[in-house]
Every structure is written in structure tokens, then in C-alpha cells.
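Chain naming follows the written order as A, B, C, D and E, and within any one chain the residues start at number 1.
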Amino acid sequence: MTTTREPDSARAAPPTRALGPRVVDVIFRRREASILLVTLALFVYFSSVNSAFFSEANMRVLSHFTYPIAMIALGQVMLLVCGQLDLSAGHVFAFTPFVLLFFIEAGVPTAIGVVLAVAAASGVGLLNGLITVKIGVHPFITTLGMAFVLQGSTLIIADGRPTTPPDLGSVESEIFGRFPFVGIMWAVVLTALMYVVLTNTRWGIYTFATGGNPLGAREAGVPIDRIKIGNFMMCSALAGFAGTLEGYRISSFDPLSGGFTTMFFAISAAVIGGTALAGGSGTIIGGFLGALFIGVLRDGFTIEGISSFQLFIYLGVAIIISMVLNVWLSRLRRGAMLS
Amino acid sequence: MTTTREPDSARAAPPTRALGPRVVDVIFRRREASILLVTLALFVYFSSVNSAFFSEANMRVLSHFTYPIAMIALGQVMLLVCGQLDLSAGHVFAFTPFVLLFFIEAGVPTAIGVVLAVAAASGVGLLNGLITVKIGVHPFITTLGMAFVLQGSTLIIADGRPTTPPDLGSVESEIFGRFPFVGIMWAVVLTALMYVVLTNTRWGIYTFATGGNPLGAREAGVPIDRIKIGNFMMCSALAGFAGTLEGYRISSFDPLSGGFTTMFFAISAAVIGGTALAGGSGTIIGGFLGALFIGVLRDGFTIEGISSFQLFIYLGVAIIISMVLNVWLSRLRRGAMLS
Amino acid sequence: MSTDQSVDGYAIRTENIAKNFEAVVALEDVSIELQRGEVLGLIGDNGAGKSTLIKILTGFHRPDSGRIFINGEQVTPRSPSHARSLGIETVYQDLALVNELPVYMNMFLNKELRRGRLPLLNKRKMKQMAREHLDDMGVQLSSVGTEVTFLSGGQRQAIAVARAVYSDASIFLLDEPLAAMGAKESAIILNLIRDLKRKGDVSMMLIAHNYTQVVDVCDRVCLLQHGQITYNKPVGETSVQELTELVAAEYRLGNNGNASGK
Amino acid sequence: MSTDQSVDGYAIRTENIAKNFEAVVALEDVSIELQRGEVLGLIGDNGAGKSTLIKILTGFHRPDSGRIFINGEQVTPRSPSHARSLGIETVYQDLALVNELPVYMNMFLNKELRRGRLPLLNKRKMKQMAREHLDDMGVQLSSVGTEVTFLSGGQRQAIAVARAVYSDASIFLLDEPLAAMGAKESAIILNLIRDLKRKGDVSMMLIAHNYTQVVDVCDRVCLLQHGQITYNKPVGETSVQELTELVAAEYRLGNNGNASGK
Amino acid sequence: TGDDNGNGEAADNGNGGNGGGGAGNFPETPAWNFVFVNHVTTNPFFVPTQYGIEDASAMLGTEFQWSGSETSEISEMVDAFDTALAGGADGIAVSLVDLEAFNGPIERALSEGVPVLSYNADAQNQRLAYVGQDLYGSGYAMGQRIVELVGDGKVGLFIATPGQLNIQPRIDGALDAIRDSGADIDAQDIASGAELPDEVNAVESWYLGNQDATGMFAVDAGSTQAVGQIVEQQNARDNNLRGAGGYDLLEETVRLVSDGVLDFTIDQQPYLQGFLPVLYLYLYKLSGGVATPPETNTGLVFLDQDSAQLFLETESRFEGDSEEQKIVEPVN
């Protein structure tokens, strides 16, 4: 082998470039570059077709389409990377606001109530994790069962109809969803946090190892059970928090919100962002971008005035074409990085 | 190593037993034994709780709950074993009857129409396969996009409402769904067929190899692309045929039938039956039993008259408990096989 | 040289093969010949590109440039199946086993036995033959029906070797087929290789890091260095000593290079 | 014998270890001692149970019965982490690499370097040290940032070896650490082993099928057969010849057994 | 069939009038875009609604969009509403299946001068008017009819998707009416599933376990058809069954009513729920807000064996079983 040894620091700092091109370069080198480009292209397309698309009002709508999916996607990425998945995330999303409601009605201040409700949500994750890891039930089945249990419980607690949050006027209700763009801000902050966790901490490495080679990880002393359980908890906590934000935003705790649809969109976002279903590989930023991609499509076609029957066809075709483009772009990118 | 060499033929024919115990023994040695036992246990439970459960009439209902899920599950097992999956199967299920309708209205005899419609369905699978395999889009995304396209197309073709099949009285309509128990008979026949394909043909071995070790399979000369595409086609064809049977059975081609729910149940059936999502392992009979398990649960709780909100909780809890039992039984079984 | 259909007497001949993996130059310019009836030892450092060369010959990788002649005919294998149809059997370094399949199915992967003309597998026959092959190789294994996941390293390798060796191919490419084999099992397999050779008309390329084995069984040795063949001698004209020296020299050079590169 | 805290002078001592995998008896009754400061060679046929013994000592498997003493204390490792906390480092035969992670993360798996007290990884330091280790081992590799999936067999093994060897453990269990290594790289690693030994207070168990290497670097050799230790001699009292004979004898016996069993 | 539910392209060929250059003798108006936000966009119940929208749009030269949620998910509807607003819709009709969630968006729309109506489902808020039927009220009326028909005994009430807001209030209303009547009725609410096949299975399976049932009713289109089919198949009327019925005008349902298998099905003029809002929004825009839309009750019609005849023998856009435009001749 003749080695053209690439200095290992090359990635971090190409020496002789101005800031602008350098930023472009750094972005281009990342795996998420292609899905970012595809999303940007869609963005430009919709803006050019309908001037209202790139208005502040619609950016707010776009953020609403994006942030709940993005936040659940973060958790699903962690789980998928370690070889698990959570079908109950969408139902935790619907369930958690009612836990909060319970606390608020018991006189707990909202802020503390949110913390407790999110803790309760992560308790669901703990249960998912324990049943999956300790007993050995496939996560698909554990979380499917859990989803049904939560769905029934939520409907019973809510009496089958949406409830208006009791403290709509409060500062907390603003912070937890009502203030414009606050949802997406939470999502961005959490994305940054999870990004660091997955790429720059032991937990992240162990998550990859657990999904990539469970046997090898065990041999190397990675506590794979704890990693899986922890990620189940994180996923549920994120989903629960997202549900709370969403409940405040629309002034309605809705027992039918979330559900399998939202879970499904979140897993799609993760996969679109480049996370494998088989475990061992995935990116947090990709998950966020995947959610944004889905948001742009849904928002864009709706604002274009596509009616619902056609909307499905537009969505389907756009997804496939975009992802073909995505594959093609990432090949191009890898080719270009050679030279 | 001290080898207690087990004669390789031991599995096939234990020498000194009467037929009855021998059958039990053969069943017990199979991987699917535990889920079979769990399903039987549920069966006994529901029969004892409500005498109407084990009536001929309800067996027919049970068969209706089971056969469409079972048939789609067969295809999903093939796909999952080779490391793929098909989110569009439920929408092929809804779409295919309308293709048939088109042919019938064009004057094609029903029997030929069914063949053509199923061929059209497998065309959808071909497309799924080509996009996934040749372009390299993740099957999750390809089939998600395809699902949306089909949903929109079906709704448009159907004008958004169910249609009554035009040839309800015909012999064909009886064979293709209306005759009592004909659906489950089709499902059983197809299960037997697919069982042979997966376990006793090259195609089956290659399917395992493609999912278990794609790189190794390629090295060994397995045509993994063709295997994947073929299984996509099979899955779509099975789903399309199931949709046709279902349309005739309920005297209504319904554009909203199938969909993600049915697909989801089918994948659940596959996983409950012991098929891994990660590829490389799975059983056809398990897929069928998984569908039966789901059918028994849904039918049993409905016949018991569990009210709507609680139903979800019962379902969820029953799924989790049964699967815990399943894990425990299969450990027991493996332990017992030692002695 | 054997009296066969090949025009030039070579089972395999390559001209100026090059192969890059993104920034890594695996092969720069490899021209190598495998004569009919010969066992050729291919040696070289870790990461020298030996396995890459094999994978190009089996159609698993496509060369970036260069020409390949098989039995005198210019042909670039398109896929492992294609290579097999040209009479090439391979033991890959990674063994190419499917963990989820039982031993006997792995051994007969892509050359399954059928029941007469039916498209059904003849499992009984495959099991029986798998058992025989393993016994021949001196490898103990409780049941050929077990999945290969948990087999020992040597047992796994034996399956891969049996898959290739018990076939009627005319060219064998063996990529470190003895790496995990016990001393006894290695000896048996080396004997098998000698037997095959004795039958004639069979050519082999053997990659190994154990030069004793190389000198023991090969007719000729090639050294792959810097993406090129830098040494090519009949075994009679060399020795374990010389080969070891050769590689060590390279090390001292390479090490200096590394040191200065730091 | 070294002057250490261990009560009985043994780094590891096992008594009557047995382990079955369903119908397979992997270990029947293994009593073995690893003295402090000693390099013990463990040899045996494929499937003899060598790796199983190692995995029991690292807590990956639990023994069915028998007792384990580590540094004189009776303790059955609960998990690989537990074993590590007892000062045991291991190179597993399957390498325990995560394909999707880059070289340097694999090398530091479960002993990641942090940035001071922060829970953040010090990637720069890990990369730099990974590079140094590879250079020390004479293994060429273009970038320590590449994923390990596509590395050559020897490159992969080098990472696993580096992971274990460059640590401050006192007991090393090396399961065929040289199987895929080139002649040159093997020589370097054997030197590393000698260096470690020279530093004292380090004990090693080395599994290898290459008896030249065993005789070269070990102080004592044990043979594992029929799930028991059937041979145990200082290296000075044996030779490559004798070891080979030993195993071959077993083969002739075993083969007969097989033949009659057919 | 390009004009079935497209985004109002029908406007091009629907320009019937000549007066002021616009429709009829209206002045020429811009192609106003009216957005309908729905909670179950693919539900066959709303096919005639979409025809109504299409026809009114063609008549008036306006455009429309049919959007919302497939599964009555409120946040999705709110997003669709906000998108419409951001996209410059000229008027919005929304099925107010949530009491609070749309208050903010509606206020915002009104303050931007975009008129908002509610249709099919209502909440007391700023919206200009409601066109449709009271869901809970219709359920309550059905409950009273159930008591009348059945008197006492075990009654199954089927609901496709529990909690879904276009149907849950109906079942709540029915249960309340039964309770309020004081009749000795054991009413069980049963989930039947989102799709017709599931609904048929569930209804049959419940009936098999409860053959002493005196009544079977459903609150959504699919389950109603399923109830009819099972009552027919099982000859339940020869058993203990005294009453069966439900909602909406699926082809099969109408046949079952006309055959006397079902006692009734409730019709609520879905066509008008699409047609009228377009008209109201148009007039509002045209009049600069002077022509304030009126509250409109589209009625609660119990279709029985006699009246079903009419529906059975005709197919029309008003019932949603034909897209053909024609004058429907009365049967008698």
C-alpha cells in the first residue's frame, strides 16, 4: 500500500482559506451536507413558487411543522444508533401533557410540573428499556404494547376530548410553547446538546458501539444494557417535552395528538437524515434536518394550495426524488473530497 | 472440546415414539413453538371467558381478522429477512382492488383481472426494489414515498369513497374472498408455499444470506440485488392479493382500507413471530402465527365487549405480557431440548 | 507448463492493475502471473493490498485500470458469480459466512445441492457431505446443523475453506486460509492443497503470513510492496530466512520514513 | 516468583472450571495457573475451548462450575468491566471492534480520554496517541479517523492489540493476537510483549497456533484437550517439534475416533 | 377526472354569468382562494362536502383548497390553518373540533381581514358563523331514538376511532341521552377500527359475544355500514335485535336502510356544509363584510326506509355517490 497520509488534523482546520469558504468547506465535509442541500433546494423552490413561503408568518408555521418531529427524532436517533427503536414516542407525546395537567391541578407550579411530567415520561422510557433489555422482548413489541397502553390511558384521563391548559396566560406557558418560535428554539438547543452527547461523550461512543457490534461492545466492557435503557429514557423524555410544548402552543392538550403518525414522521426524519435502522450509525444533526425536510415539504405543498388527495402524491414523489438526489449528492461529495 | 455429537438426523425422526407424542415433539423443537403456545393459551382463555368465542361463526370472524395481516406478514418476513422492509404494503392492499376494478370495467374476466391486478401490484414492488437497490435509497424512504403516492392515487381513482365490486354474485368473487373461510384458506396455502420457498429453496438461503451478511453474500456470489427486488415484488403481490380478497369479502373496495395501520400490524406479526428487524433471521410460520396472535387478541377483547378506551390498554398489556411469556417459554424450550 | 486450452499457459495474468479507495492507494501497478498447475505464494505487509488484489480477481472490486487475463483470455470479472463461472473459487479473508445459517448451508452457499430436478434443496445430502468434509479436515464440530455464529475461530475458517476447496474449480484464491487454524488442522489442509495440486490442472494463489507454510507448499513467492510486485522467485531459490529478512528490511526503511514523517 | 501482593503468587488460578453450551461441552474440568510475571502459552485444537476459557476469565461468560482466583483472591468476574477493574486486559479473537467507529475511538473504547474534568472526549489526544501506537507497531494506516469497516485484516487486529497492550493492566489475555499480522508486525508485537514482561509484574496468557512464536516468547506452555489441561511444561523443556507431535498424535487418535463414529 | 377535488381549477370553466363580468350579475372579482381546514380529510363523509365546495367555487369563480388532518390531530389542523393564513388565503372555513386551539389563529385571521367560518363542528369563539349540525346534539337525538326503538336491554354503540373529534361527541351525546332517559339500557361503547374491514370484523365479533343485544348503532359511516351488514348476515332481527342504525349515506348503508335492515341513518347535508361556506365567504368579501354570514343549521334528518328509497334510486353529487352533474328527478 502506498499511503498518501492525510494529516489527521486536516478535517479540523484547512490552513489557508478565508472564513466564508472555510465554513462552506466544513459544512461540505460533513455527512449531513447532502440532506442540507436538498432541503435548501426545496426551500428555494417553494420561495420562488409562492412569495408567501418565505414570510415571517410562514416561517413560524414551518417551525411548528418542524420542532415536534425534530425533538422526537433526536431521541429516535439515539435509540436507532444503539439498535433499538421506540414506537410509543408519539403516545408519550400525547400522554405527558395530561400528567402535567394532573400536577397543575394538584397545585404544583407549572415549571416544576413540567419537570415532573418529563420525568414521568422518562419513567415510561425506563419501563420500555427494562422490559426490552432485562427480559429480552423485542423493542418493537415492547414499545408497541406501551403505545397502546398509553393511548388508552390518555383517552381515559382526558375523557376522550381535548382539554385547555389551565394556565394559558402564565410566563411558563409562554416559555413552554406559546411564545413565537420558542418551540424551534427549544429544538435547536436540544439538538445542539444531543449532538455533543452523541459525538463528544463516552455515552455517545457507547451508543454507537452498542448498536454497531453489541457482542464486541460487551467484550470491550461497554455497559450495553445501561446505554439502551438510558436512551429509551431520553427518547421518552424528549417526546414528552415536545408534547408539552405542542399542547401549550395550540392551547389544547389533545389526547389524539402525536400517536403513531408523529412517531412515524420522527423515525422517517431520522432515516432521511442518514440514520440506519440496523444500528451503529446515525447523526443528530441529520435527524433535525430530516424533520426540517419533512416540515418544508408539508408546509410548502400546503401553502401552494395542493388539496389533500393530491398532496399525498406530491409528498410521495417529492420524498423519493429528493432522496434520490440526496444519494447522488453524497456520492458527488465523497468524490469531490478526494480531489 | 468433548463432543457429544448429536446425530444430524435426530431432528428429522426420533426413532421410538408413537405418532401423537412425535408430532408434539416435532412442534416443540421448532422455534415457533413458543408463540404457538402463547396463542393457544390466549385461545383457551377467551374460550373459557366467553362461550361464543369458540363458535363456528366467531372462528370465521377470527379468520377475517387474521388472514389479511398474515398474508402481508409473509411478504414482510421475506423482506425483513433480507434486510429490507415495505411501508407501502398496506397501500398496495388498498390500491390493487381498484386496478382490478379498472380491468373488470374494461371487460376483462375477473380471474384474469385478478392475475393482472396482482401483477400490477408486484410492479409496484419492482419499482420499490429498483429505487432501493439500484439507486441506493433506504427502503424505509422508498416505500414511505411509494405509500403516499399510492394513497393519493387510490383516493383519486376511487373518488374518495368505497365502491361496491361489480361482480359480487360470480364464482370468482366467491373464490376471491366471499366464500366462508376462503380467505384464511388462501393464507394457509400461501404460508405453506412461502415456507417452502424460505426454508427449502436457494431463493430462501439467499434471502437469509442477503440479510445476514450482505458483504459476505456478495463475496460468495449471491445475487443480492435480485434477491431484494424479488422479495419486494413478492411482498407487494401478496399485499395486493390480500386487498382483493378483503374487498370481495366485505363487498366494498375501500380506498381507506389497509394503509399504514395494516402494514404496521403485518410487521408486528412478523416480529412477534420471531423475525428480526435487522435482517438475517425470521420464520414464515412465525409470521402467520403472529398474525393469528394479533387476530385472537382483537377478536377476543371485542367479543368480551371491552369498551373502546379500555380496549387499547387491554391490548397493550396483553401484548407485553404474552411476549414476556413467549421469551420465557422459548428459554424453557431450549433448556428442555438439552435434556 | 500443463497442456491445456489456455493460450499463454497462465491461469491468471494481470497487467498494471491499479486500485484506489478514495485517498488510499491500495494497488498502484500490479502485474502478476499465476501459471497453470502452480501454487503461488503472495506475501506482504498488513495493508499491502493482497486482499484487494484477490477481490479484484473475483470481481468483488473493479480495478481502476489495468488488464486481467484468465486462462489466456482478457476478461475483467464482473462479480463473484462471474468469476466462479470462469472456474475461480475463493476463500476470502473475512470468510464470507452467514452467521444465521447453519454450518452445512454456509458450506454449500451458492452451490446448493438440489433434489434431482426439483428446485428444492437436498438438505440431507448437504449435511452428510458437510460432515464428511469437516472430518476430512480433522475439524471437530458437534452438529453441522448449528448456526455458525458461535463457532470457534478455527471452526468458522474450516467451513470457508471447505466451501472453496471441495469444488471442481481450476483456480483457487486462498486469502490467509490458515490464519485461525490449529497446527494439526493446518497440516491437514496443506496436505489437501498438495493433493489438489498433484491431481494437476489446478492453480492456486495463497496468501499467508507464515513463511514456513509458504515455503512448504508453494512453488513460487511474490512480494507485494508499495502497491507493486517487488519480488518474484521460485521457492527453491529462497528460504524462510530470506523472506523474513526482506520484509524486515522494508520495515526498517518504512519505520524511518514514518519517523521522519511525524 | 515476583514479590507482589498476591497471596499465592498466581496472577490467575482456576480450579475445575466447566462450561457447556447447550449440548456442547466446551470445558470439562480446567485447572490452570498463570504465575505473576509469566507468559503462558495456551495451545490446543480448533474448538478445544481456549477462547471459552479466556471469555470466562474476562467475565464475558459465566462458568457452570469451578473457582477462579485472581491475584490470590477468589472472584468470578461478573463482566468485562469487572475483569478490567481487576487489572485484566484482553485481546479477543473476534477483536471486539465497532465497524462504524473510527480507528482511534476503537483503540480507546472504554478507556476514552477526557478533556480534563469535563465529560467531553479529548479527540485530539486520542488521535495523536492512536497514531503513535500504530507507528510503534509498524502498522501503516492512512488516517486514524477512518472507520474500521474496510481496513485490512491485519490493520484491524493491530487496533485490537493496541487497545489491550497500551494500558497499565497487570494481566493480559491475548487470544491469537497475531493470527492476521504480517511477519514484520508480528515480530514487533512479540518484542512489545517481551518489553512488557521485562518491565515486570505483568502476566500474560497467549493463545497461538504458531508454535514457533509460542516457544519464542512464552515461559510455559499448556495444552487444552478434551476440555482439560493435558500438558503443562516450561518452554525450556519442550520444542516446536514436540508440541507439533503432541497435537498430531491427538489427531491420529481423534481421527480414528471419528472414523469409528461414522 | 381533473376536477374532483383539485385546487379550484374548475373556476376556469365555471364562469356561467355575464352581468358584471363576474358570476351572475356580480362584478368581476379576483379569484379568491378559500381554504377548508378539515379534521378527517380523506373521510368519505366529506366527499359531497368537497363537491359542494367545488360547485360553489365554479359558480363564483373562486378557488379552494382542502387541507387539514387525516386523523383529527389538532396541531396538524392548526398548522394547516396557519399555513393558509401565511399563504394569503382570502377566507377560511374550519371544522372546529377543539374548543380553544383555534381561538388564537382565528383572532389573527380576523385581524388581518380574513373571514373565518366554522363548518361541521363548532366552538363558541370569534368565528363569523357556523354551518352544520351540532355533533353532540345529533348524537343526543340518536340516543333518544335508540331509547324509542329498543326500550331496554344490551346495546352496542360502535365508534371507529375513539377520541376522534368528529365522532366522539356523537357517542357521548348518545350515551348521555340514554342515561338521561332512565331506560334500562346497558350501552357498551366499542372501538371498531379505522377501516371498513376491521369495522365489519369488530361488529360481527361483538355481536357473536352478545347475541342478547337489543340494539346496535354506530356513530361513523364505516361502522354504520358494518352494523347493517352484520345485522343482515346474522339475521339478528330474528334474534333479540329491535333496533339498528347510524350515520351517513354510504351506498351500502342506504341500501340496508331501504331494505329495512337498519332503522335509520342520520343525514346532515354534507353537500351544503361545503357549498354554503363558500357562498358566505364570497358574499362577505364582496360586501366588504356587510353581508355577515348567518348561523346555519344544516339539519338533522333521520333517513328511514321510505325516504331511503329516494336516495337509493338516485346517484348524485349531493349524496356523494356520483360526480356527475345532472338534474336529479324526484322519484315520486
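Simple rule for what comes next: a contact is a pair of C-beta atoms (placed from the backbone, for glycine too) under 8 Å apart; a residue touches a chain by one contact, two chains touch by 3 or more.
Everything numeric in this text was worked out from a predicted model, so none of it was measured.
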With one step meaning two chains touch, work out the least steps from chain B to chain E.
1
Counting C-beta pairs in contact, which chain pair has more, A-D or A-E?
A-E
Same or different for chain C and chain D, where same means more than half of the interface numbers show up on both copies?
same
Would you mind pulling out the distance in Å between where the CA atoms of chain A average out and where those of chain C do?
46
Distance between the centres, which are taken as Cα means, of chain C and chain B, whole angstrom
42
Cα centre of chain A to Cα centre of chain E, whole Å, reads 35
Tell me, which residues of chain A touch at least two other chains?
1, 3-6, 155, 160, 309-311
Chain D: positions in contact with at least two other chains:
23-24, 45, 47-48, 94, 140-143
Return the residues of chain E touching two or more other chains; collapse runs of consecutive numbers into ranges.
4-5, 42, 162-163
Could you list, by residue number, the parts of chain C that touch chain D in their complex?
21, 23-24, 43-48, 51, 93-94, 135, 138-143, 150-155, 157-158, 176, 179-188, 209-212, 243-244, 247-248, 250-251, 254-255, 258-259, 262
So in the complex, the part of chain A that touches chain E is made up of which residues?
50, 52-53, 55, 57-58, 60-61, 64-65, 68, 155, 158, 160-162, 164, 246, 249-252, 254-259, 261-262, 298-299, 302-311
Mind pulling up the chain A residues that touch chain D in the complex?
1, 3-6, 8-9, 11, 196, 200-202, 205, 208-209, 211-213, 215-223, 280-281
What residues on chain B touch chain A, complex-wise?
83, 85, 131, 135-138, 140-142, 144-153, 155-156, 160, 260, 264, 267-268, 271-272, 276-279, 308-320, 323-324, 326-327
Under the definition above, what is the set of chain E residues touching chain A in their complex?
4-7, 33, 35, 38, 41-42, 63-68, 70-75, 78-80, 82-88, 98-101, 103-104, 161-165, 168-169, 172
